[in-house]
Every structure is written in structure tokens, then in C-alpha cells.
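I have a structure here, written as C-alpha cells, and I will follow up with some questions on it.
Labels for the chains are A, B, C, D, E and F, by order of writing; each one numbers its residues from 1.
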Amino acid sequence: MVTVQKLINEEGLRVDGRRLDELRPIRMEVGLLANADGSAYIEHGKNKIIVAVYGPKEAQPKHVSLHDRAVVRCRYHMAPFSTDERKSPAPSRREIEISKVVREALEPVIFTEYFPRSMIDIFIEVLQSDGGSRCAAITASSLALADAGIPLRDLVVGCAVGKVEGKLVLDPSDIEDKLGEADMPIAFIPVLGKISLLQMDGMFTEEEFIKALNMAKEACMKIYALQKQTLKEKYLQVEKEVRESLTLKE
Amino acid sequence: MVTVQKLINEEGLRVDGRRLDELRPIRMEVGLLANADGSAYIEHGKNKIIVAVYGPKEAQPKHVSLHDRAVVRCRYHMAPFSTDERKSPAPSRREIEISKVVREALEPVIFTEYFPRSMIDIFIEVLQSDGGSRCAAITASSLALADAGIPLRDLVVGCAVGKVEGKLVLDPSDIEDKLGEADMPIAFIPVLGKISLLQMDGMFTEEEFIKALNMAKEACMKIYALQKQTLKEKYLQVEKEVRESLTLKE
Amino acid sequence: MVTVQKLINEEGLRVDGRRLDELRPIRMEVGLLANADGSAYIEHGKNKIIVAVYGPKEAQPKHVSLHDRAVVRCRYHMAPFSTDERKSPAPSRREIEISKVVREALEPVIFTEYFPRSMIDIFIEVLQSDGGSRCAAITASSLALADAGIPLRDLVVGCAVGKVEGKLVLDPSDIEDKLGEADMPIAFIPVLGKISLLQMDGMFTEEEFIKALNMAKEACMKIYALQKQTLKEKYLQVEKEVRESLTLKE
Amino acid sequence: MSITPQIEPLAKIKSKRMIKLLTSGKRLDGRGLLDYRKIEIKNGVIEKAEGSALVSLGETKVLVGVKIETGSPYPDLPNQGALTVNAEFVPLAHRYFEPGPPDENSIELARIVDRGIRESGAINMESLVIIPGRLVDVVFVDIYILNHDGNLIDASGIAAISALLNSKLPVYRVNESGEAEKTEEYNPLPIRDCPIPVTLAKINDKIVLDPSLDEENTASAKLTMTFTKDGKICAIQKSGIGTFTLQEVIEAQKIAREKANEIRKNFFREWI
Amino acid sequence: MSITPQIEPLAKIKSKRMIKLLTSGKRLDGRGLLDYRKIEIKNGVIEKAEGSALVSLGETKVLVGVKIETGSPYPDLPNQGALTVNAEFVPLAHRYFEPGPPDENSIELARIVDRGIRESGAINMESLVIIPGRLVDVVFVDIYILNHDGNLIDASGIAAISALLNSKLPVYRVNESGEAEKTEEYNPLPIRDCPIPVTLAKINDKIVLDPSLDEENTASAKLTMTFTKDGKICAIQKSGIGTFTLQEVIEAQKIAREKANEIRKNFFREWI
Amino acid sequence: MSITPQIEPLAKIKSKRMIKLLTSGKRLDGRGLLDYRKIEIKNGVIEKAEGSALVSLGETKVLVGVKIETGSPYPDLPNQGALTVNAEFVPLAHRYFEPGPPDENSIELARIVDRGIRESGAINMESLVIIPGRLVDVVFVDIYILNHDGNLIDASGIAAISALLNSKLPVYRVNESGEAEKTEEYNPLPIRDCPIPVTLAKINDKIVLDPSLDEENTASAKLTMTFTKDGKICAIQKSGIGTFTLQEVIEAQKIAREKANEIRKNFFREWI
């Protein structure tokens, strides 16, 4: 019954065939939900995450508002069918903690001071979960914020580094996260050069820790390029639609 | 252990001796609760249901109020001892759904537009449940509304039609509901000729459906006569009491 | 497995060596929490209870306030590790009832009429529980109220009388409470000569009841002396500190 | 958390009149200070329940239903059945009741009634064992307030013991493989005592018996004592922010004891 | 407790225009009264689920995931699997949805979809028994609203049956000691029917098919009927505070039946 | 759902003075930037608990109690005991704490402490099995905040490991019929590591160690790192809406590591 699984083979490749420092396939899309002010969808490995942003709007109830800036509400929520075993719809302690750290990862890039007494809602639904879902959620959420036209200092990018069989691995998948020895998700703000989320559980030496930080940062820069490409395509598409509609009208 | 129960005997009679189109015994009473603005009690088969109406009163909390009419609150609730197995006091999903459809069945007869920013509460307690409890609850609730002196377009009457061993049966009891093939509760507003509740689960052909609708409507007219009789008796009694008290004073 | 435990030995002594009318050791302290407006700690037998008082402060939410006096909020809560078996952190029905009777035991000595529209919070945490915890909580709470500088008509003192092997015993411990035949906690207000908490479960004859009431009252007078001593020491200590600080300044 | 309740606004004139009348030994509804309202008991009103009773004290109406199911015994009491008392203040009963989970008042009520039944030993819990240590009868006593006009404790306590007295106990047979099977038979639920709670209220230093809701709203405190058939006290509860002197408590006890005997004589004649 | 809902403030002009258009047989979005929006179905979008489907009706988007786990059968149905239908109105889907436990609308939605599946006998529940009386398959159908533009019932019902039709059922082997062991194999979930719900709304005495959210907010009532592959009605739900005449109900039934057949023909060809 | 919190109104003057002092390397309470407050640890304060410790960091006071009970193992970890860490912000501890179920702050705190214990392997979970696959020891670590003056994580983490180190483990004997019986004996709870969390806060680009509550209210972000006896990092948590540069994180790590070693040397000498 106990199958000893080797997570890295003799050629240094991982169970899904990746090299140690290789990202999983990533696909992003923005503006797919009609009702939301902004929305984004990400597939990052087997993660499938959809994010809607509503706002800025009047903060309700009033006692949660701040006189000098917008409050940000963030909910990270997993669909009951997103996990191997069905997840109860009630928010778990894990989801409550992640909602907090994701909010704290995104809030530094939002010009909340432009919208006193307002509220910006970020609703994250994990439709299918894999390792690194909070990182993918952050990547998608900053796209949804941009899609909503909310003024941002920069995008935020999430990526994790894990440790498997004593080796650091980039962007660990579910099984690597579960059987591995450490997992460190970070969120990075490229233009500002700042880390806005940093968590770790497992076991790192000081050296591993520093190396992992740099690996994560490098990977974030790659994902950042994809984010910008996604927004650019959306922008070009919108521009095209606008131009066509203007042409039609003439 | 498995006893095959025949629900209709060779003479076409049902387990409780009724013909296919026969109602169970029904008994109604109004004005029995001192605190409520209006109240009614119904025994319909083994159903024993008591209803209190409070209002119209100021809508609380304010944000639920409507500027052009009264809101109606309705709670259908079952006592823990009302069922074969003790029911947990917390509202079940079934009770939540029934509270909604019963409210929607009653609201069309209430002149809610006479009472802007007000609230009318309908509290239904099922003390003992049998088949067709939502129908009996509607019948009793409209009596309680009338007893509270709330202006009504008409009374609402509830009755169900079921299907047992391939035959349509009027006003199914608990066992007929449980072992039968279909159950269709309706609420009817006689003067307006309108259906205000319609639900069904089971299996009806088109023909059965149309026949069942008409059976239910006919039965509602019979129950309607009982409702009016009950209100008339109450009115006469009150009149008598008033007259006596006036006589005493003179 | 069943060990028949004798709770009173041939010399008339109880399992912890006390005489029938003897109190357990009691130790009190006030002013130990920096954030609270008033605080107290009591060890009464194995009970270890800490109480914080906050207020008088503005009543929140407003609809709970009273126009002519302060409202008092009281929470009696047990730490998960305070009992033999771990207690769930959610408030039990027992804790909800005790919160109410303790509030009602304390409220009569507070000059609530001096603080209209205000709120006084009494937060009781049972860190370790033994028999008579509600009584010890009352004793400590009135110290915490005094420590907060809230004007009081008098202190309130709590003590229970039990019945064990047919004999009345003062201040029953956990095992005497559990295996005994009756338990009657009371709260007494010495200066006013009034009883502000009285509960009982078990079996008392009229004669036992009257005797138990008097035993409890006598014991309360002894605890009252300790309470006053505790406050006096605190007062002397504060006075000393103030004098020293004045000396330093000169 | 418990908080000083909002008092139902009772017209000041009404309250003053009540207090004035009391000084001359009379009450708003014409009763003398120690008069109890008319008690009515209807047994067996809910056929689906194992036992039931509807009790009226004047306009106060309380329905109690008893359900008996099987369950595991408490680990520390393997040879006893279980008892659960629950009270619901359904919004039907008073315009200030809101739907929701039990609040401190309904919990206190249920616990007082529970203590009366449990401490008097009214139910023979040892006879409710089907398979020792594994399967016992669980007795659910559900208190349902239909109309609240004061003194819910007495109405509930009387309804509870009435319902228990007319409760039937399903008979189980344990088969060869050690499984319990429900039979069609029923025995009466084995009852050994008849605890009766009696409540007094203190209004401006006057003690009144069986307070109405208006009186409860004016009273500073209430005192409930529950008595067994032998005249022993098996449960006491003081409630409200008022106080009693020792002497008042002792006198109240005599009044309550006498009334409990009278109620038992009138309605539970077999328990004298 | 159910309370008259606050209606989403729809610009009066919009509402008036809608009603005016309807009298001339047209709708705000250009459809005829009995036109259904474009239906799109994507199956198998969630690989971790045993089955899944994403259904769009215009801008309404509903995702249904099916998870199949093992559990105890209901005591009174020892030889049947179990079915649980649950709906979540996640706040992503509409600016007026707030996070929290299911409200009456999501409960009603789930129960209507449940009845359609259950009463049509769509799932062969008898074939979901692993160890009779002890271990059965439990089928969880979770309805997830991603964008709400009206007619959630039809979108959810179509997504639910689509997801069930592409669900795989884990195969268990019972070993010598009587324990169930999960194998690596899967069978298709045994489906016997293809229930299709169709919803109509009544706006100012006009009946429209597949109402948009704007239309639902203006409509006085809705009527949903679910039809089996044989054209039988297996579930009905009227909702909203409006009413229908008997004649309207009978006509609505004909329209809905025809549409259900058409949807089945277009998307579930094997169930004709 | 997480929402930007209301900041406790700290007098602006106080906040300005704090920031001004910091630029000259000083803190409101007189400490240097990297000074820790005085730590006090009292072990075994709750005799009824299997282990307990009261830790003070200045005016911050945290009590941790350990209870050990038996339960089923997790299905996927049949040969391991279980650990549950829970934190309660009881209203006693601060005027802004309200009673109620755990909020995101108490959940985050409990999870950080949990990760420190779990990931360091501090408890030998394999030795907590009574009957493999059926019965294991469950270790409950309950964190009780008595007075909140900042840096609850460090106080809680130190109190948790202290309490575990003085915890006694009940000894069970498995009898012939395979049932576990509790004996009167106890062993020490088997502990293998001594994880120490150290928290730093960032205020206006200055890093301070062991922030007080005033400092936490002014800080933009905090960073907690937990170190094992071998100097490895076993848990990290950044919190707050501020950010750190990579360099700041690396430096913070060095400071925290040194402080963790010092705390271990002063209070857990046997773990060097």
C-alpha cells in the first residue's frame, strides 16, 4: 500500500517532467465576467482560478469605512469540487488566513487614497486547486484590479519555491507540496522591487532561504511579462472593438 | 421486514377509508392567541397548525422596509415533536423553502400598498405534521391575516393532489405522500381565480397534470366555504359579546 | 472499577481534610491587568479566575443602551483547559445561564443610575475550575468593579453550601459537588443584608434549606473581610507609590 | 454574554396603578397577592409525540411535547437513560420574540425545568437502558411557548411533568445477534416523582404569586422553587436584578411549598 | 424566515420600455417572447471533479461540479446511494450577492434542481451500493453561479444533468475481510433519464421564456417545469408574489414542454 | 472575508514622537531598536491541564494550556498522533476585543504557532499512537491572551513550547480484548525540538524587534520567523499591508535568528 514515490528522477526532472527551476504552464485571461467591474481567470498548472473585482463603491456598512482611503475586502474561497476530497462550502481556517494574506499582498499596489470612504471587493474563487493556489490567486487578482480600471502602482505577482528531496524546486505542484520538505510562497511587486507576501512552512537553512527568495523573485518576473502581455492583448482587442464600432457608426 | 402496503383497496378506498376525491376532516378556529394581532388554528387530517399574525407595524430593521408598501415576513416552522422522528429546532432547508413559497402564496391577497414602510409578520408553527402541511398552513394563515383585520383581496386556500398506485388522489396523507408517485400542492385565490402557489414533485403526464389542477381547485372551493364559515362564526360571536357588554353597561 | 468513595471520614473530616463548615483556602489580587480599567484574580480552592472590567463607556450598539442608567454586560467563560476534559471554546448553555445570574447578582450594587447611556463590561475567565466557580467569580468580579473605580453600594460575595452523605458542607469542592446530594450557591451583599444570587439543585428539606442559607451567609462575611483586606492593601500600595513618586519629584 | 435587558415599555400609569393597588393587597387583574391564576391542563394533544400537554395559566399557554428515541449513554453513566430539555420562545408567542437560536432566557427556562425533573429523580433513568453501556432511551422534553403572559417557568414545569406522566415508552427486544429491535409495544414511561415549580415575584417589597407579564416587567426579582412529592426542595432559581433578604426567602419558601402541594392535590392527585 | 425582497432598482425608463416592447411582442435584448438565449455547454472543465459542466445562457454562467464519495446509506433506504445538491451564490456572480451561508434563494434553487434529478430517477441509485446497508456512493452536485443574468434554474439544471452525464464512478472491490477498497478503475455514472427544466416569467400578463435578470426584476412571477425524456413533468415550482390563472399554467406547460424537447434534441441527442 | 482593519486611533502626537525617536535609534518605552522586552515564563500554572505556561513580554500576557485526549488518527496518517492549536482573543485582554468565534487574527496567530511546532517536528507524533490506525493521542494547545500589548505571536509561541515541554502524557494499556485503558501513570510528552518565533516590525523603514501594541498600530508590516534548535527556519509569516525589500528580509532573518538563539539560551538551556 505504501508506494515510495521518487519526486526527482536521475536526470534531475520532476514528476511532471519539469526541471527544478521551471514554471508550470500558465494561461491568463481578463474581462470574462459581464457583471463584475473587472475580472480575470488563470490556469497555473492545474490551478483554475477566477477573480472578480467590484468597486470602488460606497463602503457598506458605514462603520467599516475609512475617512482617508478605500477599504479592501478580499475573499479567497474554494469550490467544493476544487479539491480531491469534496470541500465543505463553509470557509475553512486555511481560507480565512489566505484571504487575509492575499489582501495584504494586494493592498500595497492599490491607490486606495484616491477613494476615501469607498470599498473595493476582490472575490477569488478557486475552481480547481493545485500547489501554489494563493500565488496564482494573487497574480490573477492584480489583473482583475487592472481590468476594473482601478489605479495601481504596479501589478503583483505570486510564485512559490519548495524543497523536494533536499533540492529547491520552483513552483511546486500539489504532490510536491504535500510530500516535499518546505514551501515558501511569495508575492512580488516588480516595479517597486518589494515583497508583499511571504510565508513559509517546512525547513530551510539560511542559505536555502536566500536562494529560494531569489528563485521566486526571478520566476515572478517571468509571470509579470505574461500578465502585461495579457493586459496588452485585452487593450488591443478593446481598441479594435471600439474602432470597429466607430467605423460602423460613421 | 418489507411489508408491501396497498394504498388503495379493491373498493377504491384509501388506507384511511377515504374515496379518491375526498378531503380529510378539517377543523378551524380563529382568534385563540391573546398576544397576536390575529391568530388561527387548523386541524387538517393529522396536521395541527397554529398561526399568529403581528402587524402592520413599523418595519425593523429599517433597511428591509419598502417605501411604497408593507414587507411581509413569513416563517414556517415545525415543533421538534411534530414529526415521527424528533426534528432539530434549527430551521431545515425544507422549512426555509416553504417559508418562501408560503409567503409568495399569501402576499398577493394582502393590500400591502396601504401600509408603506410597514411589516406584517406571519408566524406558522406546525405542532403536528401530516401530508399537505404547507397547504393547511396557507389556509390557516389567511384566516389569521383576516383575524388581524388586515385588508385582504380574498382568502387563500391550500390543497394538494397526489398520485398513488397510478391514480390521482385528493389531499394525500403522510403515508400517501411518502409512498406515492407524485405530490402537487397548490394555493388558490377563489375570488380572483388565481393560483398563488404551485409546486410538484413526482411524475405526471400532461393529462394527469391538468386533471390534478382541476381537482385541487375544486377542493380549494370546499375549504374556502369552511374558512368563510369560521370567520362568520367568529364575527357573530364577537358581535354577541359586544352586544352583551353594551347591555351590561346600560 | 467502581470505587465507593467516602466523602466524610469517621472524624467528620472531608476528603481535603476540611471540617464541615470550613472554607477552602482563598487568595485574591487586584489590578493585575494593564489594559483593563479594573481587574482581579482569585484562587478559591482550585478555582483560578481572572476578571477584567471595562467602563463605564459609551453603550455600543446604541439600541442596547438605557436612557436612565448604564447597562451591564457580563460574560462568564471557561478556558478550554480549565476542566478535566477539554471544553469547547464555544459558550455552553451552562456558561450562558451563569453569565446571566452572575450579572443579576452584581448589578444591584452598581450605581448604574450615575451613568445613563453607558455600558459596564465584566469579563470573567475561568482559567481552572473547581466547585463553586460562579461564587468565586462573583467575589472576584466585585473586586474588579471596585478596582475600576466604579461606585458601588457594597461588595458582593459568593459562597455555596452543599450536602454530602446527608450532611451540610460549606463551600463544596468539585468532587463533593459531583458526588454530593445538593449544591446551593448564593451571593450576599453584606452591608445591605441582601441575597442577590440564589440557586439550588439537589434535595433539601425545609430545615436543611434554612440552615444552609445561614451557613452560606456566615461564610460570605468571612470572605468579605478578605475582600476588604485585599482592596486596602492595594490602596496602601498605590498610596505608597504615589508618595514615593512625589518624593522623587521634590 | 448577558446584558441588562431593555424593559418592555409599560405605561407608567399602569405601573403606578399596579404598585398602588399592591399596597392595598390587590392586583391589576383583580387577584389577591397570593392568588394563582386558573390552571388548565390538556394531556395528549400531540398524538405523534410519545407524550404531550398543553398548560394554560390565564393567558399564558405552553405546549410540551415528549419524544423518546434511542442513543448512546453518557460515557460516565453507562446504565442510565438520557434527558434533554429544550425551550423555544417562538415568535408566535409575543411581539418581542424574534426567531433565532435559544437566548439566555430560553436556556435558563429549560435548565430550571431540567433541574426540577432531574434532581427530583422524577424519571427512573436506570430503567431506560436497552443494552447496558451501548443503547439507552433518550427523553427529549421540548417546551413550546404559544402565548406569553408571564410565569413561563411554572407553566413549563407543570406541562413538562404532565407530558412525562402521559408518555409511552417504546419496548425494544434485543435479538440473538445483540441488536435492539423496536416492537409494537409500549410501556408507560416510569415516573417516580411529581416536581412542581412555584414562582413568586417581588414588586416594591411586596411578594406576589404567579406573576403576569405586566407584573414581571415591573418586578425587581423573581424566585422559583420546585418541590418534590415529599415536600423537599429540589431546585431554586432567583432571577432579575433585585434582591431578597434572608427572611423574605424563607417566607417565600413557605408560600411556594404550600402552593405546590395545592397544585399537586388538584391536578396530580395520585402523587399525594 | 422569508421576507419580501428589496427589488434591485431598475431604471423606471428601462422597465417601462421593457413593458412597452412586450406589448408589441419584443424584448429588451431583441428576442421574441418565446425565444431562448443561446445555450453553450462545456463538459469536463474541472478534471479533479468526477464530473463537471459549464453552462452559459447568454451572460448567465453556471458551473456544476460532481464529486462522488462513499458514505452510509439513509437508514430507511439501505439499498440506495445518496444524492446531495447544493448551490452557492458566490459574490463573484453579482454585485448584490454577499458571502455567507446559503439563503432562501440558493436553497430553493438547489431543491428545484434536486427534485428534477431525483424525481425523474435520472441517477440509478440502486446501482450505487457498495456494501448493502453499510456503504454507498454519495453523489454531491455543487452548483456554482459565476455570472448572474437571470434564469439560474434552467442554467443550473442543464449544467447538473450535463455534469452527471460525464461523471465517472470509482469502482470499489470488497475484500475478504468485508472492507471496501478503492480500485483504479472507473465506470460511467449510471444515468437513466435526462430531466430538463424550463422557466417562464410573467410580466404584465405576458409570458416570456428564459427571462434575463432585468426581466426577472420586473416580472411578478416565474414558473419552472422540469420534463423527463418521455415528456412527463417531474418537478414544478412557481415563485414570486404574482399569480397565474389555471389557463396560464396549462399553456405555460405546453410551451415549456416543447422547449425542453428542443433543448434535449440539440444538446442531449442520445436522450430522444 | 478579510477587510482592511480599522486602526486603533493612536494620538497623532504619540505616533509622530515614536517615528521621530526611531530616527535617533530610540523607542517610546526607552528600548533600542533591537531590544526585546523582558520575558517571564511561569510553568505549570494550571494543574488540571496536562501542561501550561504563562508568558509575559512586558505587559503582554499569554497563557497556554495543553490538554491531551484520545481520538481517531487522520485516515491518511494512521500512525501519528494529532495536534490542534487554537487561539482565543478573550475580551478581557483588550478593550477592542469582542466575544465571538475566532476572527482572522486569532486564526492566523494559531496557524503560525501551529506551523512552528509542526514543521520543526517538535512533538514526536509517531510516539502518540495507542492502537495503530484506531486510537491516538490528540494534543490540544489552547492559546489564551490575557493582556495584549503587542507581539502576541512570540509570546504565544514561547508559551506553547514551554507548556509542551512541561506536559505529561497519560499512559494507556491495551487489554486482551484490544481496548485501551487509561492507567494512573504519566510519561513526559516526547519533545524533539524547541522552535522559537521572533517578530520584527517595520515602522517608516526602521526595523524594530518585539513591537509593542503602539508600535504595531503604527507599523506598516511585521515579519515573524521561527527557528529550530539547529538554526533552521521552520515557519515565516509576513503580515500587514506594508512591504519588504529582499534585502530587508534577509537582514531581518539574521536579527531574528540571533534573538531566537538568545531566547533559547536564556530560557531553554537544554535545547542548545
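Everything below uses one rule, namely that a residue touches a chain if its C-beta (ideal position, glycine included) is under 8 Å from a C-beta of that chain, and two chains touch if they have at least 3 such contacts.
Everything numeric here is computed off the predicted structure, so don't read it as measured data.
Asks: Note the shortest touch-path length, in steps, from chain B to chain C.
Replies: 2
Asks: What chains do chain D and chain F have as common neighbours?
Replies: Neighbours common to chain D and chain F are C.
Asks: Which chain has its C-alpha centroid farthest away from the centroid of chain E?
Replies: The most remote chain is C.
Asks: State, to the nearest whole Å, the distance from the C-alpha centre of chain B to the C-alpha centre of chain E.
Replies: 28
Asks: Just the number, please: Cα centre separation of chain A and chain E in whole Å.
Replies: From the centre of chain A to the centre of chain E is 31 Å.
Asks: Mind checking the centre-to-centre distance between chain A and chain B? Centres are C-alpha means, answer in whole Å.
Replies: So the centre of chain A lies 52 Å away from the centre of chain B.
Asks: What positions in chain D touch 2 or more of the other chains?
Replies: 1, 99, 102
Asks: Of all the residues in chain C, which ones touch at least 2 other chains?
Replies: Expected reply: 75.
Asks: Viewed as a graph of touching chains, is the assembly arranged as a line, ring, star, complete set, or other?
Replies: The chain contacts form a single closed ring, each chain touching exactly two others.
Asks: Could you give the sequence of chains met when travelling the ring from chain C by way of chain F?
Replies: Listed round the ring from chain C, with chain F adjacent next, the chains are C, F, A, E, B, D.
Asks: Hey, which residues of chain E end up touching chain A in the complex?
Replies: That would be residues 45-49, 52, 59, 61, 63, 65-67, 69, 86, 88, 90-95, 99, 101-102, 140, 142, 144, 146-149 of chain E.
Asks: Would you tell me which residues of chain F are touching chain A in their complex?
Replies: It is residues 1-4, 6, 102, 104, 107-108, 110-111, 115, 118-120, 221, 223, 228, 231-246, 249-250, 253-254, 257 of chain F that touch chain A.
Asks: Can you list the residues on chain C that touch chain D in the complex?
Replies: Going through chain C, the ones touching chain D are 64, 66, 70-75, 93-94, 96-97, 99-104, 107-108, 112, 182, 184, 189, 192-206, 209-210, 213-214, 217.
Asks: Within the complex, which stretch of chain C touches chain F?
Replies: Per the stated touch rule, the residues are 33-36, 39, 46, 48, 50-52, 54, 57, 75, 77, 79-86, 89-91, 121, 123, 125, 127-129.
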